[in-house]
Structures are given as C-alpha cells and as structure tokens.
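Heads up, the next two complexes both have chain A, just with different partners, chain B and then chain C.
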Partner chain A sequence: MSWLTWRLQRSTIIAAVALIAVFAVVVPNLDLSSHLDSRAANGLFVLGPPAFATVVAVFWGAPLVAREYEHNTYKLVWSRDRSATRWLAVRVGQLLAPLVVLTIAVNLITRVLYDRIVAASQYPPSDVTPYDLWPPLQLTMVLAAFGLGILAGMVARSSVPAMGITLVVYAALRIGLGMFARPYLLPPLRYIGEGPPDGSMPVGFGYLDGAGHELSKSDAVTQCAATSPTGVQKCMGSNQIVRQYVDAQPPDRIQDLQLIEFGIYAAIAAVTLAAAWLVLRRRMVA
Partner chain B sequence: MTEGIALAVEGLGKRYRRKVALRDCSFELPAGRVSALVGMNGAGKTTLLSVLAGLLPPTEGRVRLPAGERRIAFVAQEKPLYRHFSVRDMLRLGSKLNTVWDQQRALDWLARFDVPLDRPCGKLSGGQQAQVSFAVAIGSRPSVLLLDEPLSNLDPLARREVVKELLSAVVDTDMTVLMSTHVVAELSGVADHLLLLGDGELVLSGDVDDLLAAHRNYAGPRSERPPVPGEVLVASHVGGQSTFLMESFEPVAAPWTARPVTLEDLVLARLENARAVAA
Partner chain C sequence: MLWITWRQHRTALIGTLVVTAGVSALLLWMWQAVAELNDACSQHDCITGVPGALGDQLRWVYASLYFGQPILAGLVAMFWGAPLLAREFEQRTYLLAWAQDVTPMRWLGSKVALLGAAVLLLSGVLAAASWQLVGAMKESGNYFGMDDFKALEQWPPTQVLYALFAFVLGLAVGLLVRRTVLAIGTTLIVFATVRLVVAFTVLWWVPPLRVAASPQGGGLPPGAYYLSGYGMPYLRSAVLVYQPVERVATFRWLEVITYAVLTLVLAGVAWAGVWRVTRVG
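After this line comes the complex of A and B, so read on.
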C-alpha cells in the first residue's frame, strides 16, 4: 500500500482492524456452557462475517469516490497528469491486499467460533453451518460488498447517500441470496418416504396423493379423513393414502451450491468495479 | 501549432442536459503570460477551465497543447484540500501525484505567506487554505496554470502579494497563467491578455493593450450618430451631450473629443452588448 492510500484510508483501515481485534478477543473468552454466552456465540457466528462485509461496503467502498466528489478534492487529484481512472484503479488495487488479509482473519476467527459451538452442544442450531466459511465464497462476498459501495459512491457522489444505498442494497443481496435463493440455486431433490441423508440442506416438505401430485396440508387431512376417518393422524404418517416428501439438497451438492454462489458474488464484484470504472471514464473523457 | 502558444482551443462547446454552458469557443493562450478569463457569474468560466483542466469532457471541439513538456495545473474555485491532511502531507500528495515536483518552490510559497506546515488543512484560515492550493499547483511546475477565481477569498493585502508572487513565478519559470475573475478591477496590472466570456460565448479576446488601443470614448454635442465610422458599443445621451464608446481609433475634429477607454469600461460595454444581442 502506498503512503497516499494509507493516508487517505487509515482511519477506516484502523477501525476495521480494531473491530476484528475485538471479535478475536471475544470468541475464545465466551463461556459456551452458559446459556447467555452460547446465544451470543450463535449470534456472532451468524452476523459477524456479514457485518464485516457490510462495514467494508459502507465505510471502505461507498466513501472512496463519493468523498472526493463531496469535498471537491477530485478537482485536485484528477487531472491531465494523473487520470481519474488510474487513480481509481490504484486505490482499489491497493486496498485489495488489506481486504484479503482482514477477510482471512475474520474467516479464521469464525472457524474457531464454529468449532467451539459444535464442540459445546450435541445439536448445534440449524443456522450454524460452515457453508459461508468456504474461504473463496467469503472473500467474494466481501469483494462484492466493496465493489457495490464504490459504484454507489460513483453514482451518488455524496458519502452519506452512497452509504445508505450501499447498506440497503447489500443487505437485500445477502438476505435474498443467503436466506431465500440459496436452497434453489440447484433444483432440490425430493425424498419420498425416506428422509434426506444427514448433513443435507433442507428446502421444504409437504404431502403427495397417490398419483404423486402435491397436496396442501388441508387437502391431505381431508383425503385421510375420507378413507380412514378414525385414524387421520396415523394415516398422515403412514404413507399409505397420502405420502410425505422432503425437498433437500444432499451433502454432496453443498459444494456445488457454494461454487454457484461464489460465481454470483464474483460476478457482482467484477461487474460493479468495471461499471464504476466505466462511469468514471465516461464522466472524464468524451 | 505556432511558436509562443501555450494552449489552443478550437470550436469548444459544452452542453449539459438542458443548458448550453459553452458555445464554439476558439482562442489561443500566449505562452509565458498571464491571461484573464472574464465574465459575469454563470458565463461559463468554471466550465471552460474544467474542460481545459481535463476534468470535464467537451461536447464538441478540442483543446490542443504544444508538443513536448506540457502539464496543466488547476486550482479550483473551492481550493479543495484534504481537511485532515497537514500542510506537509498536502505537499507530499503533490509530489506523489505529479511527474515533476519542486518541493522548494512549494515550501518557499508557503513560507512567503507564513502558512504553518504541521497544521491540518481544515484548521487553516480560508486565505491560508488558498495558499496551500497555490503552493501545490506551483510546486508541480506546470506549463499552464489555471486559476478559477484565485483571489476571491483573500484579503486585499494578500491579493496584492499573491499577484506579485504569481507574476514573479511566471517570469522565473516561463509558466502560462489563465485566471478567471468576475471582478474586472482585479485585473489592472495583472493580465496582459483578455478572454471575455458572455453567456457561454467568447465575446472578445486579445492583448489588453491592443484592445484598449482599438477603442475610444468620443464625447461631443448631442447627436444620434457617432462622429466617426466604426462599431458603437455604448451610446449615451445626457442633456446636450452625447458619448459613444466605439471600436475605432480614428481622430476626431472639434467640438468632439476622443479619450482612451479603461479596461473596465470596455469589458462592461462588451458584456452588455453581448447580452443585448442574445436577448
């Protein structure tokens, strides 16, 4: 990192390092036998890495260009001698190394936390999975955040609106992709009569009639009641008249899903950075 | 490109979505001299300087620089600085961002105006911030220095000092300066070349001495017609007397008298004329 990048970004870099240091101190000191601490551990595990990526998006990415516009300093640092696009490329390039190092630090601390949670309880909560901890995926999640922030700053040309836009868009992206789209990135497999193998990612469950059509729960109850009025409960569980199914992604597919999600975040990172560069070039050169 | 030209502009135009900010501007800046870019607020001075500085792409036309060492420095009207940088940091920034850097020149400039090197720029007075901007621009040893309203937030004493230092820098380094202003009174003794912008169009350009020599104020008995042939810029009739500001240097017979015009008279007359034509 050059003196100039450090001088421009040092407060944000120091703040990020301090946050991660706090994370690193808290994780080994949690007492997972205590109910309160183990809930805190779950919360930290689920929210820690996305919070880091969001900090990168909002505090590293969004102000990078927006601040130069806001304070008119772009008129000082971009001119014929030193093109604006080169300035952007140098700033982004030089911030990538610290971003990668800090992301790896977050990844390692979160892994320690994961191991501690798993060791402390026989049945860890369902949202504690090592899915996001695959390093390439976690890294592209952070890079996409960074790119999104920079593009928002380029469009808004003012820090606070850029930070707001970045926060909303990145949160929507993470929630949409991580909580809703993820199980459907590949068409799920349907398990009828048997449960999916251990370690599967559950997608959904329901009932089928004899012909294999999906039934709503009330239809299933009606059918069971019609055929065997005395033992609706038994009928529902027996797979005789209506059958239960479970949709899931089996464990051997998890890596494919991670790869697809990695591809999506990598594409978002590449597209947002390229778009920011192109917008800037169009703005500066006819 | 001819010798002695620091920068040439051909058919330059800049259109924003609705508004035309610059229209068909063509001029040349004489090398090693101070040119003034004069116009009322909103005439397009900042747009023109931003295009010349490479911060804004023109919609049409082009800016040409002579071959060889040609570097432009621009001091924007806001005199932007990184507020959390110390003055020393700003000079270091200048040294990093420029292919040529003369630290001593920058330091000399700051010393001349008593600007403390270790104070953050945000804690400096407006005048001192302007001095830091000038020091960074001067330190980059530009061939062309563009200054947008450079004197606007300086006190009268500092104005005179800045002008003096700028002129000596021009002499020492063969630098060409283009400075914009809307205060015509600021120009006397500073600029020897004039570019006059009215509503996005170049109304007048040329050497100040030539322009002044080519215009006269004629006064005489009341008359609807001027006493000599030539373009009338301003005609006024008060009581029994008429005066005409004209583009003419013809001698005139009594009872008419001819007086030289001042730069301020000329600029105001030209701008008013341009406005009347546009309306």
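After this line comes the complex of A and C, so read on.
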C-alpha cells in the first residue's frame, strides 16, 4: 500500500480493524451457558460476516471514486501523466491486500465462534451452519461488495447517494441469495415417505395426492378431513390418502451449492469492477 | 422551506419510502398467509401446525419481522440524520443557508419538523404492519411461541420512537463530526451499539424472579420469559430465572422512555450546537 492510499483510506481501514478487534475480543469471552450470551453468539455468527462485507461496500467501495467527483479533485488527479483508469486499477489493487487479510481474520474468528456454539449445545440453531465459512465463498462475497460500492460511486458521482444505493442493493443481494435462492441453486431432491439424510439442507415440504400432484397445505387438510373426519392427523401422517414429501439438498451436494454461489459472487465482483473501469475510460475519452 | 427540504432530501426520502413500502407489503402478505392458516387449522387439525404449513414462506415471516424495522431506522439514521448538518459544514453552505432571512434556529426547526414527521409516518406504517403479523402469530398458539416478550421490540410505540431516536442521533453526530462520510459511519456504529445493548439487556433492568425447577424440568408460570438457570440441570436444585408476564407493560414503557429520553437529549445537543455555531460565526 502506498503512502497516498494509506493517507486517504486510513480512517476506514482503522475503523474496520477496530471493529474486527472488538469481534475478536468478544468471541472468546462469551459465556455460552447463559441464555443471553448464547443469543448474542448466534446473532454475531449470523450477522457478523455480512456486516463486515456491507461495511466494506459502503465505506471502502462507494466513496472511492465518488469522493473524487464530489470534491472536484478528479480534475487534478486524473490529468496527470498517469491515466485515470490506471489510477483506479492502482487504488483498487492496493486496497485488495488489506481486504483479503481482514476477511481471513473475520473468517478465522467466526470459525472459533462456530466451534464454540456447536460445542456448547446439542442442537445448535438451524441458521448456524458452516456454509458461508468456506474461505473462497466468503472472500468473493466481500469482493463483490467492494466492486458494487465502486460501481455505485462511479454512477452516482456523489458519496452519500452512492453509499445509500450500495447499502440497499448489497443487503438485498445477500438476503435474496443467502436466505431465499440458495436452496434452489440446484433443483432439490424430493423424498417421499422417507426423510432426507442427516446433514441435508432443508428446502420445503408438502403433500401429494394419489396421482402424485402437489396439494396445497389447506387442500391436504380438507381431503383428509373429507375421507376420515375423525382422524385427520392419523390420515396425514400415514401416507394413505395424501402423501408427505420433503424437498432437500443432500449433504454431498452442499459443496456444489457453495461452488455455484462462489461463481455468482465472483461474477458480480468481476462484472462490477470491469464496468466501473469501462465507464471511467469512456468518460475520459469523451 | 418545504420545497427546499424536499429538493435536498428527495433521494433519501424516495429510497426509504420504497424500502418501507416493500417491507410493509411483505409483512401484510405474511399476515394474510398466517391468518388464513390459523383459520384452516382451527377447523381441521393441522398435523404440522401453522409454521410447518407455511413451509418455505416461514423464512419471509421472520426476515421481514426482525430485519424490517432496524433497516428502516438504520437508513433514517445514516441517510436522513447524519448528512443533514454534516453536509452543510463540509460544503460550507451553512454560511450561506444560515445568513439569509430565515434564522438558523428556524431553518433547523422546520427541517427537523418536516423530516421528523416523515419518520413518524413511515415507521408508523411499518410498525402497524408488523403488529398485524405479530397478532396473527400469537393467535396460532404454541406453534410459533410468539408472545408479548418475544415481540417486545415490535410494539408500535417502541418502533416509532426508536426510528425518531435514530434520526436525531444522526443529526447530533453530524453536528459533532462535521464530515459526511465519517458522520454516517459513526452514526451506524453508535446506533447499532445502543440498539443491541438495549435489546439484549432490557429484561435485566428490573431484577428477575427466581423459582425452583420442578423435577420434570418445567416450573415457570405461564407466559413467563425464561432468562437463565443455574444449579444442576435435571436435579431438584435447579433454579430458573425469569420475568413474569405481568411485567410486559413495564418493559415496554422502560424501552419507550429510554428512547424518548435519548431522543430529547440528542435534540437538545443539536439545538445548542447550532445555536453556538451561529453565535460565534
């Protein structure tokens, strides 16, 4: 990292390091036998890494180019003998090293937290899974955040709107992809009359009629109620009139899902950075 | 003044309006889904209960219920409150804006009143929508385990006050820091810290009650919120620490008063700060 990059970015870098340091101090000191601390541990595990990526997007990425426009310093910076696109490449390149180091630190601390939660309870909450902790995936999630922030700054040319756009878009991306799209990245397998193997990622469940068509949940209740009004529970559990199915991703597919998600975030990172670079080059030519 | 406020803040206003409308629509949709299933399951016996019958939609229920309000308040703090004064200082426009025939106090007062009214409106809509969903989940009985303690942060007056607090916090931080990006970052950290500390500790502000666990492992009075236990589990010596259901109202008002006091103090700080700047300048 050059002296100039350090001077420009030091407050954001120091702030990120300080937040991670707080995280590192809190994690070993949580008392997981207490109800309060174990709730806090789950919250930290689920929200900690996405919060880091979001901070990178909003505070490292978005102002990077936007600030130069806002303060009109771009006229000075980009008219030197070095081209504007080279300036962008150098600035992004120099921030990548601290970004990778800090992401690895977040990853290691979260792993410690995961081990502690799993060791402390027989049945850890369903949202405590090591899925996001696969290092390539976690790294590309942060790089996509950074790229998105830079592109938003390039488009908005003003820090505050760029930060707002980045926050909303990145949060929507993470919630949409992580909570809703993830189980469907591969067509889930259907288990009828048997449960999915241990360690599966649950997708959904429902009921089928005799012909194998999916029934809505209230239809299943009604059909059972019509045939055996006294024993609806028994009827629905016994697979006689309506059959239960479970959709799930078996454990041996988890790695493939991670790989697909890694590909999506890597593509977002590459496309946003390339788009920012192209927009800047076009503006310089014009 | 209305026109200037709208021009200066329209991006933030429209963006937040879109987010609020989206989350509120999602909450109302989920409320419909839960209410319909409550109805169907009361007529026939749902083997899996209402949450099970919701299936994949269950994720949306929790996501919209627990993330919606903090996201709205966070956006208000970071993008309405923090830049309001910080931007005027950073771009030195305060010298111009405050030198006109509108006095600085009136300038600040009318801006805060207009934006504060918008905060009230947006957070009120979101609070009403999420309270509908909470009500339907309570009707589902034990399936969700939703009760007034679990929904403490969803109580509408709490939601509205904590959005107002977020706005005034951003305002005060912007005044003290005077640089927009730095003010936004500081606001985010302070807001998240206060919010989390209050949410995680509020049930300890009134000393909890203790009861000896029954040998079967139960022993809490109905509706009580379990905080922790000590002693040997599964043995007669175990002690359960809890808050009784009668204290729900106490905790609601404790939280509301906390945010109200914080809001008033921060508003006073901002007021005094602007007054000093204009006096010296």
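Here is the rule we use: the second predicted complex is superposed on the first by the 284 of 286 C-alpha atoms of A that agree within 3 Å, B and C clash if a C-alpha of one lies under 4 Å from a C-alpha of the other, contacts with A are read in each partner's own complex, and residues count from 1 in each chain.
Just so we're on the same page, a contact is a pair of C-beta atoms (placed from the backbone, for glycine too) under 8 Å apart; a residue touches a chain by one contact, two chains touch by 3 or more.
What you see is a predicted model, and the numbers here were worked out from it, not measured in a lab.
J.: Using the superposition on chain A, tell me whether chain B and chain C clash or fit.
T.: fit
J.: For the superposed three-chain arrangement, provide the angle chain B-chain A-chain C between C-alpha centres, rounded in steps of 10 degrees.
T.: That angle rounds to 90 degrees.
J.: Scan A:Y245 for contacts with chain B and chain C and give back first, second, both or neither.
T.: neither
J.: So in the superposed three-chain picture, is A:F23 touching just chain B, just chain C, both, or none of them (first/second/both/neither)?
T.: A:F23 sits against neither chain B nor chain C.
J.: By the touch definition at the top of the document, which applies to A:L36: first (chain B), second (chain C), both, or neither?
T.: In the superposition, A:L36 touches chain C alone.
J.: Looking at A:M284 after the superposition, I want to know if it touches chain B, chain C, both of them or none. Which is it: first, second, both, neither?
T.: After superposing on A, A:M284 lies in contact with chain B but is clear of chain C.
J.: Considering only touches as defined above, state whether A:V77 meets chain B (first), chain C (second), both or neither.
T.: In the superposition, A:V77 touches chain B alone.
J.: For the overlaid complexes, name the partner, chain B or chain C, with more touching residues on chain A.
T.: Looking at chain A, the partner in contact with more of its residues is C.
J.: Would you check which partner chain A:S2 touches, where first means chain B only, second means chain C only, and both and neither mean what they say?
T.: In the superposition, A:S2 contacts chain B only.
J.: Does the superposition put A:Y114 against chain B (first), chain C (second), both, or neither?
T.: Neither chain B nor chain C is touched by A:Y114.
J.: Look at the superposition and give the distance in whole angstrom between the closest pair of CA atoms, one from chain B and one from chain C.
T.: 10
J.: Using the superposition on A, tell me which residues of chain A are in contact with chain B and, in the other complex, with chain C.
T.: The overlap between the chain B and chain C interfaces on chain A is empty, containing no residue.
J.: Could you list, by residue number, the parts of chain C that touch chain A in their complex?
T.: 11-12, 15, 19, 36-37, 40-41, 43-47, 52-53, 55-56, 59-60, 63, 67, 71, 75, 78-79, 83, 87, 180-182, 184-185, 189, 196, 200-201, 204, 226-229
J.: Mind listing the chain B positions that touch chain A in their complex?
T.: Within the complex, chain B touches chain A at residues 50, 53-59, 71-74, 76, 78, 80-83, 85, 89, 92-93, 96-99, 133, 136, 140.
J.: Applying the document's contact rule, which stretches of chain A touch chain B when the two form their complex?
T.: For chain A paired with chain B, touching residues are 2-4, 7-8, 71-82, 283-286.
J.: Mind listing the chain A positions that touch chain C in their complex?
T.: Going by the criterion above, the answer is residues 11-12, 15, 19, 34-36, 39-40, 43, 58-59, 63, 67, 159-161, 163-165, 167-168, 171, 175, 179-180, 203-206, 217-218, 221-222, 224-225, 232-233, 236-237.
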